[in-house]
Amino acid sequence: MAIEAADTVWVLISSALVLLMVPGLALFYGGLVQRKNVLSSMMHSFVAMGVMALEWILIGYSLAFSEGNWFVGGLGHALLNGIDVYSVTGTIPTYAFVAFQGMFAIITPALISGAIVGRVKFKSYLAFIALWGLLVYAPVCHWVWGGGFLTGKALDFAGGTVVHITSGISSLAILTYLGKRRGYGVDSIKPHNVTLTLLGAGLLWFGWFGFNAGSSLAANQIAALAFITTLVAPAAAGFVWMALEWYHLGHPTALGFATGVLAGLVAITPASGFVTPIAAIPIGVITSFVCYKAVELKGRFGYDDSLDAFGVHGVGGITGALLTGIFASVGSATGLLLGNSSQLLIQFEGVAITAIYAALCTLLIGFVLIRTIGLKVSESEENIGLDKTQHGEVAYNI
Amino acid sequence: MKYIIAIIRPERLDAVKRELQKLEVNRLTVSSVAGYGAQKGHLELYRAIEHEANLLEKIKIEIAVEDHFLQPIIEAIKTGAKGNDGYIGSGKVFVLPLEDVIRIRTNEAGPDAL
Amino acid sequence: MAIEAADTVWVLISSALVLLMVPGLALFYGGLVQRKNVLSSMMHSFVAMGVMALEWILIGYSLAFSEGNWFVGGLGHALLNGIDVYSVTGTIPTYAFVAFQGMFAIITPALISGAIVGRVKFKSYLAFIALWGLLVYAPVCHWVWGGGFLTGKALDFAGGTVVHITSGISSLAILTYLGKRRGYGVDSIKPHNVTLTLLGAGLLWFGWFGFNAGSSLAANQIAALAFITTLVAPAAAGFVWMALEWYHLGHPTALGFATGVLAGLVAITPASGFVTPIAAIPIGVITSFVCYKAVELKGRFGYDDSLDAFGVHGVGGITGALLTGIFASVGSATGLLLGNSSQLLIQFEGVAITAIYAALCTLLIGFVLIRTIGLKVSESEENIGLDKTQHGEVAYNI
Amino acid sequence: MAIEAADTVWVLISSALVLLMVPGLALFYGGLVQRKNVLSSMMHSFVAMGVMALEWILIGYSLAFSEGNWFVGGLGHALLNGIDVYSVTGTIPTYAFVAFQGMFAIITPALISGAIVGRVKFKSYLAFIALWGLLVYAPVCHWVWGGGFLTGKALDFAGGTVVHITSGISSLAILTYLGKRRGYGVDSIKPHNVTLTLLGAGLLWFGWFGFNAGSSLAANQIAALAFITTLVAPAAAGFVWMALEWYHLGHPTALGFATGVLAGLVAITPASGFVTPIAAIPIGVITSFVCYKAVELKGRFGYDDSLDAFGVHGVGGITGALLTGIFASVGSATGLLLGNSSQLLIQFEGVAITAIYAALCTLLIGFVLIRTIGLKVSESEENIGLDKTQHGEVAYNI
Amino acid sequence: MKYIIAIIRPERLDAVKRELQKLEVNRLTVSSVAGYGAQKGHLELYRAIEHEANLLEKIKIEIAVEDHFLQPIIEAIKTGAKGNDGYIGSGKVFVLPLEDVIRIRTNEAGPDAL
Amino acid sequence: MKYIIAIIRPERLDAVKRELQKLEVNRLTVSSVAGYGAQKGHLELYRAIEHEANLLEKIKIEIAVEDHFLQPIIEAIKTGAKGNDGYIGSGKVFVLPLEDVIRIRTNEAGPDAL
């Protein structure tokens, strides 16, 4: 089979864009934490580029995309067995496909790190993401995209379910073990550097064009559609979050705008190739509103989803998945507004199964870790900060 | 001699410097500190967590002076730091005794070195 | 009509590159202001991604590119009416074209924010860019590229007139209302973080390859030409600015080099697809010299174009537009050096009309804002800084 | 000859990616130095975008790629003579080829700046890179890629020899004149901002996909291969460096991970299009180990390769070149493991000749500079810092 | 009146503040300093260069107090700064004489202004 | 006891520390401040706006000492801070009375705690 050169370019550059989201995420999270935890927080993202990339090549890709059963792929492509430089997937070299999908496997567990900043042992974090990649990411990826039981049923253009719901729900689940940071609700846990966070948001948006529009896997009209919806939804969502803050708290913060943009990006992810650019506006607006409320509720329930990994990725991912079932209207995808109410049901099913599965697995992994190498650092380590205690370094020296 | 330590609002630094310059006082040391005081931080909502933003950015000014200069300098600091809108958190001036001062470059000591 | 896949990839990735220029600009400007205004300054760029993207989709694109008269487009494509996933513009999906052009509509008003840092109410800024986008950007875009009276006459490859002259001149115009920052000429208004500014300059240059070379709208030889001239002109301009500083002030500053690069990028924008790489050298050199002198004059005239939005984008844009009329030599474009003196005249006309129009509209918008919601913050708000007073947050916490 | 549009897109976007590596390098190095030298350090990279881009257009490209003898190209293409917008190289516009290759000429001398931070006169640095570009880069580039005596013999997919060995060895050579920084071995020379360094590492990795995969000069299977190996090798290398630190020093540092990633990127550069993704793992692992030991040795020998330009680029480049001779297995390239022991010999020859040549030329240039404009700043300038003394500015103001 | 300068470990700041609040002392000034002391930095290897990391991040607390408050405040600082694990580098408290203090906003002076 | 506050040029910190170590004085607190003094900033052109760069980066060193150590320490600071090229802006040493000092870890007080 011959490859299409333009499609190949598109997937390769999109892969690079998605990889850039990882430093983007590191900055986004890193800016929001205290000085004493910034390297720890950034490492949670960076190290995923090491661990998850290797895991993906060695076994993850095979579990997600090689032939298997309804639940998980087989080991046929472990160590990229059976794939060589001439292998083709669709219209692109298989290596390009493996790389593109690998970027998703890298960033997904890193998203969870937003919930747990400042209180997890580094070695436990490593074990966690490695196990989570095998137990949660690879199977769910197989369900939705790799031939599993949701493939061709649930609409998930670029990973709303596979990426954001899995990571967002797992963020909430792992908090049952971790509890709050010391000093939660106290002044000193404000973001140490919001300019880093804004830069991170900028890189995330930039990279997200690869994430969403690259998911068409071809340089075609659908790619262009996914691209423009990825511009519109976050614009609307950022604007709405800012307006809500303005109205409720008296000030439109830069951080609020950036958070809204992120919520909009999450929301449009499953929908990006299925809805019109105009439909991307209500998707952005509604999700921004819902996530805003979810983050507000956090304050009331008092759990410490430190950087709102659940509030934005979990809630935003679920909202986006459902809204996809409502607004889908492009190509063969049709949603509620076009009278296809069954799609919304399927979306709901997909969300529910994934959420429950991810939560249970995360609780299991957390349980095993607590019983073995432990999960949480000591009180004194938390006070001193993870940069010094886990990594033996500090971010800033005079 | 006295060692004056003044804690003021950051946005008043330029005004304080202007007042001091009128007295031809232009040797001083400035640093950035965080203050807790009568000025309670407003309740802030940061990502849905309510907390009192009580750690407030302040500027610390240190000036070593001869005794007879003390009063005018305190007045100058007060004028500059208060502005027209003297309100909570305007700050304080602390006066400590200073026993000696040495100018490193010239080996001068005592009041001459100020 | 069928699309060309490679052209589609090129325009999509170029669009993403241009979007990245917005965070780049935010960093460039943000690093140059004081700590107390950094988020305000960055938000001026970031929020444009929200406001202008929405405005563009809803009505701006239509005003610029749908059929209309010599002055402005119609409402035929408002809300992207009449466009769907199969629509084609040239050889690419219309959605790709809308997105690419939308990025220009986003960044152009954000450029103006460099002139006005530290003293504008946030809500007035929002109103300003929204109105300016409708009154200035959309019509001028229509004139030059959308079928208006300058289309096919004035040479403007990638937006020297549409982007840089409009924003640069408007920066100067709005200053008549805003005056100087308090403390202008005082030590404490030095840049708070030049590393941010350098990073911003780097991202701007990177993104500018999409801005200029993407403007060919096709993956062809002209794209390659525009790409290489976008490498050469800023290199020359950066070098010259540094040399001028070295000669005049005794030191070649990093900030000077970055400013020169920016001037070179502005200058080559209208010329990039019309001149040879070797001609890009004098274009960079001359513009750098002219902008350097313009910034110097600012000191003499005493207006506070804080981050030289006029000095670089206005003056550089005008210089570049005129130099395009001199050096144009590729394809059907011919300039003075090839004996076509009329082109220079046309360039001059285009510059003059645009400059006058942009200035008048800006004065009008400013006037209306002053009479309604006000434009400038109070003295005390300016002293405290816009981050705290307009956004209720600070960039850096211990 | 007609161009291939998709190949053109690929080379253009890859060129932009490589340019972005320069700000990436500036941040990587800038974060590692003291506050008083950060702009100086960043300028060493940034100014290369000015100086080397111009030199490349004016003469460098011609010396490297126009017809010449076994040693160096001629002057046939000086000032891009004989090239116009319709010229084609392979399947892409010649201008795209010139730009892509120009990016390599820009970043290579900038790599050297990592060895010499905090103690070189800025004007001497400028003279150094300009001369080095002519005497070292252009000829070696001609040898390996431009028709010189190594072309078609030594395997160097994307510049392990041309870029990393030349710059790495030259870093070591120039240190013989420069000696150590004052205060070497003292606390205060720790990195002033590791977050900058991490961001720099992220941008470098992102850009490196253009560097390596772009070097296929076509949007084909080899590009995809080079892309995925550029993901795998640094992942493995980063992981290993971290593990070595953990084992030896008790902590896995973020800086260590980033350094390992860099070593992996250097190592895979010559091999990226010639080895399988699985072979990229041992290449990353071995090189990481070797570089780690090399950096350790530095401590023992006591030379001050400040940011390990030799330790990572020199040693990593050599290791990568030799490993390419061992693991090469794709297409016509065959290495030791496929029984072709002669390739390893050729690799060794290429390395040795290049290393010796680069070292000698660097020593010569250094000697001339010392005898003319001087190389090292005064003790007092070094104490005060280069930002103030060489550039008249400081990076951070309150 | 006394001017207390305490140097403590950064991670103990919250605890010290809590102890002080128990005494209803909530006016103080905090800054970030670097300390050299008995607590020798461990030998650090940074990029293969061995060096003593002897410059350690500390927090400096300044509190102006009336004389009779001095002892309880010192006790509070000690309690907060030591925690359960009083070990090297816990810090020191310096007591300087304070001659006068002026509250800028109200012109109060002396103990009333504290 | 005395509380020494020295303001020096940043680039002399290492030299001052070396001199102090010769006296086996290795407990001190360092911070970063901005100084205005005799050393006027040069006229600077920043983006065509001329202004006096009079806020200069300085290092502040604080050392609490026993009285009989005062002179040698001042000499050491002078030697280190001046270097060979004693010029404007080299800085100053202020000596304040110190009434008490407490080592938090051991409860030692007075000179023993220094």
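The letters A, B, C, D, E and F name the chains in turn, as written, and every chain counts its residues from 1.
The definition used in the following text is that contacts are C-beta pairs under 8 Å (C-beta built on N, C-alpha and C of every residue); 3 or more make two chains touch, one makes a residue touch a chain.
Remember, it's a predicted structure, so these values are computed and weren't measured experimentally.
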Subunit B to subunit D, fewest steps along touching chains: 2
Pair with more cross-chain C-beta pairs in contact, given D-F and A-E: A-E
For subunit D paired with subunit E, centre-to-centre distance based on mean C-alpha positions, whole Å: 48
Gap in Å, rounded to a whole number, between the CA centres of subunit E and subunit B: 19
Separation of subunit C from subunit E, taking each centre as the mean of its C-alpha atoms, in whole Å: 51
Residues of subunit E whose C-beta touches two or more other chains: 31-32, 34, 55, 96-97
Multi-chain contact sites of subunit A, meaning residues that touch two or more partners: 4-6, 9, 13, 186, 188, 190, 193, 199, 249, 255, 392, 394, 398
Contacting residues of subunit D [partner subunit F, same complex]: 36, 183, 186, 188, 380, 383-385, 392, 394, 398
Residues of subunit A defined as touching subunit C within the complex: 4-7, 9-10, 13, 17, 34-35, 188, 190-195, 198-199, 201-203, 205-206, 209-210, 213, 218-225, 227-228, 231-232, 234-236, 238-239, 242, 249-255, 257-258, 261, 276-278, 281, 330-331
Touching residues (chain side subunit E, partner subunit B) in the complex: 3, 17, 26-31, 62, 64, 96-105, 107, 113
Subunit C contact footprint on subunit D (complex, rising order): 3-6, 8-9, 12-13, 15-16, 19-20, 22-24, 26-27, 30, 38-39, 42-43, 46-47, 49-51, 53-54, 57, 79-80, 84-86, 92-96, 98-99, 102, 122, 193, 196, 199, 390-398
Footprint of subunit D on subunit F - complex, ascending: 10-14, 34, 44, 55, 57, 85
